[in-house]
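Each of the two complexes below includes chain A, the first together with chain B, the second together with chain C.
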Partner chain A sequence: MIKSYLLLAWKVLLRRKFFTFISLFGISFTLVVLMLATSLLDHVFAGYPPETKHASTVNIAYAMLKGEHSRRNGFAGFALLDKYARGLPNVEMMTVVSMPSGAYSYLNGQRIKSFMKRTDGNFWRILDFQFIEGGPFSETDVKDHRMVAVINQSTRQRFFGGQPARGKSLEVDGQRFTVVGVVPDVPILRLVPFGDIWVPHTTAKSDSYTKDLVGDFMGVLLLKDPSKIALTRDEFWSRLKTVPMPDPMFTSIESTPETLFDTIGRMFIGDGTGVGTGYGDKLKLALAIAAALFMLLPAVNLINLNTSRILERASEIGVRKAFGASSWTLVGQFIVENLVLTLVGAAVGFVLAGWLLGLLNGSGLIEYADLRLNYRIFFWGALLAVGFGLLSGVYPAWRMSRLHPVQALKGTAR
Partner chain B sequence: MIRHIFKLIWNRKRTNVLMVLEIFVSFIVLFAVVGLGVYTLDNWRRPIGFSYDRVWDVSIDMKQVNDDDFTQEQAETVRQVMLVFREFPEIEQTAGTMLAPYEFGSSSSSYRWHSRMIEFGVTEVTDGFGDLLGLKIVEGRWFGPEDRGQRYSPVVINRAMREDLFGSGPAIGQTIDPDQEPGQAPQRSGSGAAARDPGEPAQDKPRRIVGVIEAYREDGEFDGTRNYVIYRKDLDVFDAADRRNRPPRNMLIKVRAGATAELQERLIKRLQAAAPAWSFEVTPLADMRSSAIEFAFVPLVGVGLVAAFLMLMVALGLLGVLWQSVTQRTREIGLRRAKGAARVNVRRQILGEIAVMTTLALIAGVLVAIQFPLLDIIYFVEPHVYAISLAISVTAIYLLTLACGWYPSRMATRVEPAEALRYE
Partner chain C sequence: MIQLTGIEKVYRTDRIETVALTGINMTVGEGELISIMGPSGCGKSTLLNLIGLLDAPSSGEIALGGETVGTYGDRALAKLRNREIGFVFQTFHLIPDLTVRDNVEIPLLYRRESGAARRKAAEAALERVGLSSRMHHFPGQLSGGQQQRVAIARAIVGRPRVLLADEPTGNLDSQMGDEVMALLKDLQRHDRTTVVMVTHDPRQAEQTERIVRLFDGRMVA
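Up next is the complex of A and B:
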């Protein structure tokens, strides 16, 4: 049955080429945009190296000091993580990393901007960097305030012309560091690992950061059992109740371990009122609504086109009905036809999306972007295409199935 | 004629309601995108009020998270930093400011004043700021040493705010303090990096307007802020309770023509020696401007491209539907021609139907679109931006639908009555 539907669908596609082109244009354009968006999301959230353990890591990224009249929120402060997040239950290892901050160097009269990240020795154990040369700095380097740095490939290119850099030194933001290792570039969209230069946090010019409860650090926790995150969270929350307030205008501090998805959800749709959880789910909902809204106009367009083409096939429908085909059979047939059309459109869209991603990578708009198509995006693209096919196929199919056989055969149906 | 067209549309209502829906949705999409574009262009053509030529921004990272607390030591170091600039003959002028032009992040304040809500952007600057950026005074005066130790806190506002608050009445000497309601703290709000109105809570001195400037749009060409207030910062007076006097986070310097990155490097080395615990970043405002423009333009171009493709898709779709409908109505058209209707009449009928359907969709669309200004949802957009965007979108949709109807209507005129009547 399905086989004859597919054959029929193919014949219909080839029959009126201009109309097929119009439909395919709309479908593939819609899916290209959605696949580009999916690929960006995939880039941010999926576990590409070095984030190979992303499935069992959670972050303490957000902190908020609350008082009756005042609030201060931002990323977690170093003191909060160092004093209260160490040794939590169900946690194998924790690293403390700063947000990347712009740092400047001058080389031969040119200014070079790098993103610098301050962190500790565990960072290199939780994240799985493939070193091009040298290796990471250790916890001892961090304790001893050693001026050492790991740099990425592009930084090596900028400072040393791509020559081996291990043991050489570079001056950044008025401080001189010795390079101990070189790693591949990490795209800027990857919140946790991204940086150009990584140095021990103890090399900061002033140690005032060690007293901050709210600051510009985040803790990355490698869990023993990711399903038991509640264990970790509850202990952390109860420890937060014991934190002495830095200022009488505040009465409590809130912070929580959460997944990267939750953290990003909070950045985009957090209401800033506190530590509420579940922002990841809200983000998913927001993304689904955005995708549906975006598909609305293309779907109406395709419905319109499909509906107006029903009469073209009136005699075919009339014959089938006269020979006893039920309305449901016809609905099924038409939906299958529309799905074939959308899937062909999706295939075209997939090729176009790959080409556009290449352009985007080359444009340098997103630093070190390495946007690629993969089976996940293919899966999501196919899912979106099926959704779109159903959205745009059901109404015309229903209209078609309701044609009266006699009128359809006469060609006077409306 | 019109009644006849309505009847024809009604007879094919199921198909036509879909077309009207499609035109309606297209209009909403187009209106949103055109509105964004018009808003941006409208901002672009307004004067920015300052000159960024040869001005560099020296941003100071004091290695602390919030800038509400500050110490005498910090204030002293800032004074040292100011002195460093004098050592360089290439530097002509210097000024301190909380926020630099074209810097990401802004500071704003809103509260009840004379029983109405007012909202404005704010920054705090030292006395050299006005001259350095070439701000144009249109009324009163800029800050000066005579403001020190007064019982008022001097402010300079922009012309838009002056007209908004005082109309044609006098502005100089007026105050802009929040209404005092017993037991209620003044409302405040803020966003961005260094975002809080420094007026509170040590709000004892009245804020008195001493001058009005033509404009100062801190984010430059894309800045949508209408009302703006500048507070005076006096680095020679230290008062830990007066947050308006906190050390500035940015220094602006005007350099002689021909200064290069080499000067940046020397300057940073020298600053680093004066304040070893801090970090400095020197960027020409022209560079900050180009990255701000890129940052604003890239999403705009992306949205514009997607919208253009959507419209192309809609146009092709409508063309297809109309073509189909003309093919299906061959007999009807043939009958009209046989009864003596001229080609031009047939064509007028087809185009008339499209025009009527577009009008129906646009009436619904405009009704939805005007809810935004009526409900004051996007309060910062001025009425003329709406009006222009509406006019452009309505015209564009009419042109689009009529263009799509052009070829099918020509096709309709080619129908030969004799042939059409036996067409099955």
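Up next is the complex of A and C:
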């Protein structure tokens, strides 16, 4: 029976090519957008190398100084992390890393901009960079203020023409560093590992950053047991109550260890505080609702299109009912037909999405972009397509199955 | 085989009530070939639809093969139609996207028979109506008479006990009409199929064993 339904579904698709094209366009366009969005989210949040310990890490990225009439918020300051986040319970290791900032070099009369980060030795232990050349700088290098740098592959290409760079000298923002290691490029959307050049934070020209509670750093904590994050969080919050305020206009500081997804969630749908949890879940819900609404419009259009074709198929429905098809059998048949249509649309959408991602990767719009469709994206895309097919097929199928056989045989659809 | 008792069919809209059939009492014996005649709008097709369980009477009782069907739901009626009744329509109602053989197989789809069994039965039915050589053609490639023979093959493929034909020769010329009538008579004679036929053509009605005449929704002598 299924084979017969599939055969008929294929023939129905070929019967009215224009309607089929319109339907497929709507489905594939919707799925392309959703797959691109899913690919972007996967790109940002999934645990790709070097973030192999992604499931066990949380970040302290956000901090807010609050007063009765004043507020200062931003990324965490070095002092907040160094003095109040070290040695927290359930934390195996912590690194402090700055946000990427533009740093300029001059080479052969040309100005070159790189994204530089300042960090410590633990950065290279928490993140699993596969070094192409050399290795990382160590905690000793950091303590000794050594002017060493790890660069990425593109920086090696820009400065050294792709030749081995280890041991060579690199000038950035007026400072000279010796290259100790080269790592592969990491896309800019991967906030924690992204960078062109990494140097010890102790090589900063000024040590004023060491006093900031709100600044431009992030703490990355490798947890021993991610399920016990509440332990870590509660202790950190407790320590925050002891932080002396840098200015009388502030009375407290808020910050929290959380996943990057939670941080992004807080930015978009937070309550304006540095505390509270569960923003990641709320963001997931918001994204799911957005995806559902985005699918709703083409689904409604497809419902209208399918329903309007009832009259065209009324005679066939009447014949099938006359020869023993029950209403449920016909619902099943029409849903199979709609699923075939949406799966064909999904396949077209998948191919288009792959092509567009390739274009995006090559366009340079996203630095070092490596967007791709993997099995996870494909799974979610297929699931969306099936959901789409059911959503847009159930009502027309139900309407078609309810046709009175006598009316249907007369070619009227009531 | 078929028993109708006190059948009435009334169509009601917001403004009008139309009595399509009233006071119908009728019995059709097993293996009988009967025709239903009457002027346009007298309720012939309505009566045929009721016998075929495609519609329900407003009042009265219908029994098919001894089973009273008044309390049957959609699923049970569909099953009964599939098992016991074959339909032949004036306008053939073949599905244009399916081959001749696929069209003939339709009743067997709803019996959950295997693909091989369906194909075999469909080919046998097409052989019976003399269209084996056209099984891979599409309906659009056949003449009217051939299409009606395919429709008959579809109607008999499941070996129903009752065949209902609503003006089966209405869209055919006289020669093709005679061929179709010959087929129906052959089915009645050899398979003991009960055939109930609606027709306008007195020549064809006279070839049946009994004529039921309707006028304004009532049976007349």
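Heads up, the rule we're going with is that the second predicted complex is superposed on the first by the 403 of 414 C-alpha atoms of A that agree within 3 Å, B and C clash if a C-alpha of one lies under 4 Å from a C-alpha of the other, contacts with A are read in each partner's own complex, and residues count from 1 in each chain.
Going forward, a contact is a pair of C-beta atoms (placed from the backbone, for glycine too) under 8 Å apart; a residue touches a chain by one contact, two chains touch by 3 or more.
Keep in mind that this is a model prediction, so the values were computed, not measured.
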Item to complete: Considering only touches as defined above, state whether A:25 meets chain B (first), chain C (second), both or neither.
Response: first
Worksheet entry | Comparing the two partners chain B and chain C, which touches a greater set of residues in chain A | B
Worksheet item: Where does A:260 make contact in the superposed view: on chain B (first), on chain C (second), on both, or on neither?
Response: neither
Worksheet item: Thinking of the overlay built on chain A, is A:191 touched by chain B (first), by chain C (second), by both, or by neither?
Response: neither
Item to complete: Determine, under the contact definition given at the top, whether A:399 touches first (chain B), second (chain C), both, or neither.
Response: first
Discussion item. Let me test your reading of the model: by the given contact rule, A:321 touches which partner, first (chain B), second (chain C), both or neither?
Written reply: second
Item to complete: Identify the overlap between the chain B-contacting and the chain C-contacting residues of chain A.
Response: none
Item to complete: Flag every residue of chain A that touches chain C in the complex, lowest number first.
Response: 1, 3-4, 7-8, 11-12, 14-15, 315-316, 318-329, 404-406, 409
Practice prompt. Spell out the part of chain B that touches chain A in their complex, as residue ranges.
Written response: 11-12, 14-15, 18-19, 21-22, 25-26, 29, 61, 63-66, 185, 260-262, 264-265, 268-269, 272, 276-282, 298, 306, 309-310, 312-314, 316-321, 324-325, 328, 424
Practice prompt. Mind listing the chain C positions that touch chain A in their complex?
Written response: 49, 52, 54-55, 74-75, 78-79, 81-83, 86-87, 89, 93, 95, 97-98, 102, 105-107, 109-112, 115, 154, 158
Discussion item. Touching residues of chain A toward chain B in the complex: what are they?
Written reply: 18-19, 22, 25-26, 29-30, 33, 69, 72, 74, 77, 101-104, 106, 109-111, 173-174, 204-206, 208-209, 212, 214-216, 296-298, 300-305, 307-309, 311-312, 365, 399, 411, 414
